[in-house]
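First chain written, first letter: the chains are A, B and C, and each begins at residue 1.
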Amino acid sequence: MEETLLRIRDITKNFGGLRAVDGVNIDVNTESIVGLVGPNGSGKTTLFNVIFGLHKADHGNVYFDNKRIDHLAPHQVFTRGMVNAFQLPRLFYQLTTLDNMLLAAREHKGDNLLNSLFLRKEWQHQESELAQKAMEILELLELAHLTFSPAGELSGGQRKLLEIGRALMADPVLLLLDEPAAGVNPILGRKIFEKIEHFRQRGMSFFIIEHRLEILMEFANRIYVMDKGKIVVEGEPTEVVNNPVFYEVYIGEK
Amino acid sequence: MFNSCVTGSLYLISAVALTLIYGLSRFPNFAHAEFMALGAYIGYSVAEQLGMGFPITFIAAFLASGALGVISYKVVFQPLAKRGASIIHLMIASIALGFIIRHSIGAIWGWAPLSFRVVWSSFDMGAVRVSGIWLWLIFAALALGGIMHLLLVKTKIGKAIRATSSNPELALSSGININRVTLTTWFIGAALAGIAGLFRAAGTRLSPLLGWDILLPTFAVTILGGIGSFYGAIAAAFIIGLAENVGVVVLVSLGLSTEYRMAIAFAILILTLLIRPQGLTKLFRGT
Amino acid sequence: MDPFIYILDIIVFIGIFAIVALSLNLEYGFTGLGNFGKVAFFLIGAYTYALLIETGLHFILCLIIAAILSGLIGSLISLPALRLREDYLAIVTLAFGEIIRIVVKAEHWIAHGVWGISVPPAIFWQGASFRMTIVAHIGLIFFCLLICFILVQLVTNSPYGRILRAIREDEIAAATLGKSRLKYKAQVFAMGSALAGLGGALFAQYIGFIEPYMFMPMLTFTVWIMVLVGGPANNWGTLLGATLVQLFNRGAKIIKDYLILPVDPTDLQYILLGLLIIFILLYRPGGILKESKIKTKAVERASQWKRHS
């Protein structure tokens, strides 16, 4: 049964005189893949930043699972089940791939100072289990051979994959992906989306910023088109692509 | 009141220097204290040991400190920045540089406090007798402030400095020679510091630790004024100068120790950083 | 001075400073906090111990209270201060250190201002020779060092330690993954301050007499050099750094008695120290020992997986 998981209502964000996001309304349902497209500078990334709490909106509300989250800090949004993967991967470059994955674990006994010191046996056991889960995801993303390499040694494409893998590790209910296939070769890009669909079938929702229409056409359930901070077109992929406004906005830029 | 102007003038020269460098190179340079000290000692050598007149002394201090600034940048800070050193690394390098300069000065001139033997003519202002050196300081502060203003606003290099300070990438793509701008800024900043040091020494005493006495209040002024903000630094210098001198009066009337004089500047510093880290910047457009 | 006693004295100082350096390593090496006010907590610990011991409390209690008080004060100032960016945090902590020193100097009723306080040694028995006393001090101090070392190792070689490093690397990414940066930074700062306070208390009871001029910013810088030289984020490296820097400082003083140089050895010492630091920052900013790796059962499990695939 489809429910609205993420509801964005009238979100407006100004940046030094510029209206980056202007009265945006978006719905993302459970178990769906929603795409967000638009020319560069249309405010997509800013919108994402507002959603997961990096910036405060100047106006409007964001509801996740029917509860308001727009006043929460990023780490609190994470606790509610929303995870964000950045466009330019923000990995922990001095730490190993494995460490990066383990850090995404949702509830770790070892995160607490006192537990860390006194309940060693318990969190060691959890470490082992989490490592198992991490390795499964790394395997899926074909990164297992880099388990012990510092993240700084990974190539651009591998970093992108690790960014996504880390997000998956966090068991998100909703995953915000900012251009997951950018800078990655088309074959790998398609593979990423296949895995995204795989996770969608297992109950995850995705809200994805993506430039490449072909791929969204194939995988997305719904697409929103953004231009100069406003949503100008929305609907199912075929509807959107046949909309003349869409052509003005998108093709005009290309 | 007069004392406030004096303190303010000293801080003005010192802080304008610091704010220029801090704004451009984006790290707090603790060796600034030693730029001041060197200016003072070179001035001392020229005036006392070589017996030259004061104009020459000032020029010597100006040039020597300026040179030190450029050398410091080229030998220590530029290479570090090229290797991607973090702000903390640069800070620590500046502290280390400070050791080197301070102890070299100590080794050459000795650690015992020295005094300028020049006798300043005293003037009577109202009920107070003031030494001529302080009047010179205020004059110098105003003059230097004015010159710097003209430099930053009217000359090409001045505009380049302001541009690079506010937006390095944009400045670079506009064809500004960042290297030249940086070297010039370090020269001017260090040279002004040297002048500040010389005045401090001429008015009080001279010791290798001279820079450190004024350093933290200078940071307070720079931060209150807003890092990189020339006009902010000027305003902040007088605000803190006033605060310190008024504060001393208040302290004495409250029966507290005058040791707290130093703490006044620190307190303002901490409060600024906690409440309004950008200081007075926004109040001065176009800086 | 009897050379044997001199060596023991060096060992004592290595022990005391190792504790303080470990605290800075925890804050800066692992968590990326540029704390330039270490001397403030060292001072608080020292004076707390000095004042408490006069009331007749058992010395162990005094040590513990000194550490806890330093930790509490650290927590208090961390709340507003830790939101600041690196250079501002550094300047604020530096200013804080100086303010505390000025307060102690000015308020004579706290601790006699510039006239200082005498502090009796913690362990003392009748008829003990000077050597035996120092050995007792070494015993006490190194016992405390051992506890501190085990503590920081446990904290840093754990999921908690992993989070600290993540916050150091990219605190926004860490927040996006659910880690509250303020909570962790505040906890680390409190721990670091408590350890520094302990170091100060041990210092006070060894030196026997404390006054404000012993707590200058120079102490903070010395501890920073220890952490940087040994290798940030490596506790063994910090121990190494503490040892090397102390030996360097003391060595210079010894040479003064044996070599006649044109330059005062103290000056030369600082000039060399400055050159050394710049050299290290330029050519080996990671210090002598590399960052320590996190070794938990996770590493085992992952290795097993790799072997079987």
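Here is the rule we use: a residue touches a chain if its C-beta (ideal position, glycine included) is under 8 Å from a C-beta of that chain, and two chains touch if they have at least 3 such contacts.
Quantities reported herein were computed from a predicted structural model and do not represent experimental measurements.
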Middle chain, criterion being Cα centroid separation: C
Chain at maximum distance from chain C, centres defined as averaged CA atoms: A
Mean-CA-position distance for chain C and chain A (Å): 41
Intercentroid distance (Cα basis), chain C paired with chain B, Å: 32
Inter-chain centre distance, chain A versus chain B - centres from mean C-alpha coordinates, in Å: 49
Partner chain C, residues of chain B touching it in the complex: 26-28, 76, 79-80, 83, 85-89, 91-93, 95-100, 102-104, 106-107, 216, 219-220, 223, 256-257, 259-260, 262-263, 266-267, 269-270, 273-274, 277
Contacting residues of chain C [partner chain A, same complex]: 151, 154-155, 158-163, 165-166, 169-170, 172-181, 187, 291, 293-294, 296-302, 305-306, 309
Residues of chain C touching chain B in the complex: 28, 34, 80-81, 84-88, 90-92, 94-96, 98-99, 102-103, 105-107, 221, 224-225, 228, 263-264, 266-268, 270-271, 273-275, 277-278, 281-282, 285
Footprint of chain C on chain A - complex, ascending: 52, 54, 73-75, 78-79, 83-84, 86, 90-96, 98-99, 102-104, 106, 108-113, 116-117, 120, 123-125, 127-128, 130-132, 134-135, 139, 144, 147-148, 166, 170
